[in-house]
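Have a look at these structures, which come just after this line.
One chain, chain A, appears in both complexes that follow, with chain B as partner in the first and chain C in the second.
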Partner chain A sequence: MKLTWFLEHPALRRAVMLSFVLAFGAFLIMPLITLLLWAFADRWFFPNLVPQVWGFKWWGWILENTDITKAAKWSFMIAPTVTLLSAVICLPAAYAFARFEFPFKRFLYVALLASNAFPKLGLYIAIAALFFQFRLIGTFWGVVLVQLINTLVTMTWIPAAGFSSVPRELEEAARDLGASPLRVFFAVTLPIAMPGVIVAMILVFLGSLDEAQATLLIGAPNIITMPVQMYTLVGNYPEPVGAIFSILLTIPSLVLLVLARKFLVSGYLAAGFK
Partner chain B sequence: MLGLLLVLPPIFVLILLVLYPALEALRFSLGFVPADNPAYASGLDLVNSDTGSLEVFKKLFASSFFSSNLALTLRVSFVSVALLVLVSYPLALFARFGRGRLAGVARVLYLLPMFVPVVIATYALITFFGDNGWLEAILGTVGIPYHSVIRQEAGIVLGHVWVGVPFAVLMLSSGLDGISNECLEAARDQGANAWVVFWRILLPLNIVPLLIVMTFSFIGVFGSYTVPYMLGPSAPQMLGVSMALNFGAFRQPQQAVAMAVVSFVFCAFAGALYVWSTTRGRKS
Partner chain C sequence: MSQINFIDVSKFYAGKPAVDKLNLEIKSGEFVSLLGPSGCGKTTSLRMLAGFLEPDAGDIQLAGKSVLGLGAEVRPTAMVFQRYTLFPHMNIFHNVAFGLKLRKLEAQKIRDRVARILELVGLPDFEKRYPAQLSGGQQQRIALARALVVEPQVLLLDEPLSSLDARLRVNLREEIKAIQRQLGITTVFVTHDQEEALAVSDRIAVMNEGVLQQYAAPDELYARPATLFAAQFIGSMNLISGRIAGGWLEAGAFRIPVPNLEAQSITLAVRPEDLEFAIAHQLALDNVSAKLEGVTELGHYRSLRVKTGQSNLTVFAARGATPEAASDARLWLRRALVYAGDKLLTELIAEPHGKIEVI
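Our next item is the complex of A and B:
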């Protein structure tokens, strides 16, 4: 009897799939629900299933804590800077990879992957040593630069896939009707390629907000972003503090998820790797 | 030529922020101590050599701490990647071929971890799977004993599977999208069962995405810091945690950098597998 005999019986197949998805869903969601419960718990002792006392006691404490508001400020200064700088550096390259022929094109395209092919912490340590030399440790721009590394592939490959998906006939038709190359780019090419660009920018923005390892190594002690702050919160403060902070830190991601869901499902995420 | 000019900026960033520091690290680990770099030159226990020596690596591999750390790192990396593929492949298949509401739920569900920062994911896992966590409380009500996986090797694997699912499923299902329904129906008409369809058609046609998932997950786990720092035991440690400690608290940058070089070498093998697989796929 084969291992997959159940796949031949529709009812069994449904049952197996249902339990697999349910188990997987529980694995993903239960930890997040635990955090939610903790965020609204004033007192919760093991082994109670739910908090003994519900409340908002810790929310006020968090919102008044200056360390935490400062961390939020740094996070929301760094993430947009990284996103914009990355877009300025990478988007022209993405267009070039999609539209022009030039020597070593294929090699350079794949070479960008080198930024992802290094084990991250090893690379960050090498960079930290370099930044010591250039006095970039503990500075805003040091953190921006180190975060830039992780954006190269995302910001080049995904928009490049977007640009290549624009039918050349459309651009040529616009040219035939007398549009200038710049006009063609802004009126035809860019709007069609926009979903790819938007997905890349969202991913880069979230990646920057989420980044903790490099920021800790390069930014400390001056630049403490929200995820870095999380390292110290865990263990040093009662659970509700970490839980509330987690919720605050996840809100931007969720907002972006809702805003961008139209683009995210359209298969752009994996496009770059093909 | 305009094209070449436009792609120069990211390549320049790559050289300046990835290749150059990596090369400097390699030189330093071989005993060339740069006098103008305070982070390297002020380290303790420096091996200094004008001609280059493998002294640092010899010491490293002779230390039992390092070998148990390396063994742990390799073990965790392989197990995490294997589990990740085992969980992600059925999900990707279901997301591609499943019908109905359940498939719709699965398609949204696997994306969830992408929008949860890694630090928070690990913290959430601690509150649920940890000692006196919610899982233990829930299991306790029905009298099932539970031993926490947090601060164990298994905790690191758990964290990496949680965090790695979106990338793995996205990659795999985007590959599956490229396989036409006609092709599968033809096989079905010939009497192939689900197992044969998977083994003879889906897997071979979707092999490059699978290799991509395996390589990049391997590299990601191998060089990780947050997950093992939050969820792993304090000894032995994953190389990433050990590197950070040696570089910072222990003031032994040369050892840290040598570990980095060792991890570059291991991941270079994984990277070579990826490059080999993609170039092969492009030819055929």
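Our next item is the complex of A and C:
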């Protein structure tokens, strides 16, 4: 008898598949369930599978904590600023990489990875030393600057792929009909490459919301964002605080993903090029 | 008026000429095809006219004025591309209206002109659809509408039919020709398909390796190709190398008196329809013996593979008019062209039952 005899019975095969799917689902969802349980637990001791006392005690505490609301404010000021600045700096570069030939193009393209090649913490300490001289430590723009460095690869590579997938014929057709190069970019190239740009912007935005190391080093003590605050909360308070905070941090990602769904799954691009 | 002149236009890629000293005059309202195999310089020439490329030497004039240095966006030309023609993120109305909006026309005028041009290309009421919902042929019609709606002086067509299937290609080229005639717009059409060029053009410029081979009307081009390249490229042609000596032309099995021609090496070029293949007694005396090697049915006519002497020739015959593998069959030559080197030397036309000598 073959080792895989059970695969030959349709019912058994379905059962095997189902159990795999369930196992994978559990692997994904169990940590989230634990998180949710902790978030609504006022008291939860070891042998019990669910908390002994449910409640909203820690929610109130967190929402009223001024440190945390201040951190949220900083986070939601820094993330959009970083995203927009990164777009302004990187999108022209992405377009240039996609469309123009210039010396050292391949080298420069790969060199964008340079900041990822070193241990992050070492790099941040070096940057902190530099920023100290320019009085950027503990300032809003200091944090924005250091976070920008992390966004370069994402914001250049993904849109560059998007731009180079736009057929040149379409740009030429627009020019031929009388559009200036700038007009061609905004009316034709950018809209068609938009899914890639949106994806890059989402990744950068979420990355900035999640960034803790560099922000801690450069921003402290004045600029404390939510992930930085998280370190303090997880270290100093009971488990529910960390759980609730994690859930709060998830909300922006979820909202963005729902909003961007149209772009992420859009099939009109490929379908239009017959 | 929108006469076009290419004057000694050259374009080099990596030191090699893609277009070599092109001189071409296209009259106002004329439909001219640039015909040649890929890499012959036809598309490069078209793109220089459109303003996407600048020539390295020479001048391009429109209505007597040089257009060099003007970008594609200011030249009064409009182009239909081979692929990826429509903006996928805009519906048909916005695609067609694109050029009009850039010209800052009033909204009502734009709507009227878009509606009128969609009527002209036979796709009214398509305004709300998106390019992905259209077939390839419909997309090319919309692309044509988008080019024509801005009322350009010159319409440029860069192999717009090559991605379509055969039947549609024939229909659409007839429509394009009809629209062109109706509007009287000067049109330059790039194609590698000689049948397409012959069918629609007023004149055809045959190009090869950047060099203009011949510029003539379709019937002249077919009847008397000026170069050996044009002879091979347009239609099908039997080529037999031979020589002229002592007032006789000898090529393969054919021996023809040519009292006025100098002694030299030549190539005899014969259209398949200028050969007649029949059993001996049906033909006049002057013919050569030949052997039928195969028959291809091509619908309204048959293509015969015939061997005479050392040469394999193609002969077109009417349906049912073929002797089936007759051993004593004969081949009769009605008309032939003689090329010396690459250039056309002379045309030979057989008088009834004359001229051609049997070996």
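Convention: the second predicted complex is superposed on the first by the 232 of 274 C-alpha atoms of A that agree within 3 Å, B and C clash if a C-alpha of one lies under 4 Å from a C-alpha of the other, contacts with A are read in each partner's own complex, and residues count from 1 in each chain.
Everything below uses one rule, namely that contacts are C-beta pairs under 8 Å (C-beta built on N, C-alpha and C of every residue); 3 or more make two chains touch, one makes a residue touch a chain.
What you see is a predicted model, and the numbers here were worked out from it, not measured in a lab.
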| item | value |
| --- | --- |
| Which superposed partner A:A117 touches (first chain B, second chain C, both, neither) | first |
| Touched partner set for A:G142, first chain B, second chain C, both or neither | neither |
| First (chain B), second (chain C), both or neither touched by A:E169 | second |
| Partner contacting more residues of chain A (chain B vs chain C) | B |
| Partner chain in contact with A:S253 - chain B first, chain C second, else both or neither | first |
| First, second, both or neither for A:L177, with chain B first and chain C second | second |
| Partner chain(s) touched by A:P195 [first = chain B, second = chain C, both, neither] | neither |
| Overlapping contact positions on chain A, where the chain C interface meets the chain B interface | 269, 271, 273-274 |
| List of chain B residues in touch with chain A within their complex | 1-4, 6-11, 13-14, 17-22, 24-25, 28, 36-40, 87, 90-91, 94, 98, 102, 105-107, 109-121, 123-129, 132-138, 140-141, 162, 165, 170-171, 173-175, 177, 193-195, 198, 209, 212, 216, 219-220, 222-226, 229-230, 239-240, 243-244, 247-248, 253, 256-257, 259-261, 263-264, 266-268, 271, 274-275, 278 |
| Of chain A, residues touching chain B in the complex | 2-4, 7-8, 17-18, 20-21, 24-25, 27-35, 37-38, 46-49, 89-90, 92-93, 95-97, 99-105, 108, 110-123, 125-130, 132-133, 145-146, 148-149, 152, 155-156, 206, 209-210, 212-213, 217, 227, 230-231, 234, 239, 242-243, 246, 249-250, 253-254, 256-257, 264-265, 267, 269-271, 273-274 |
| Chain A-touching residues of chain C, taken from the complex the two chains share | 50-52, 71-74, 77-79, 81-89, 98-99, 102-103, 130-132, 135-136, 139, 143, 146-147, 150 |
| In the complex, chain A residues that touch chain C | 167, 169-170, 172-180, 183, 187-188, 191-192, 268-269, 271-274 |
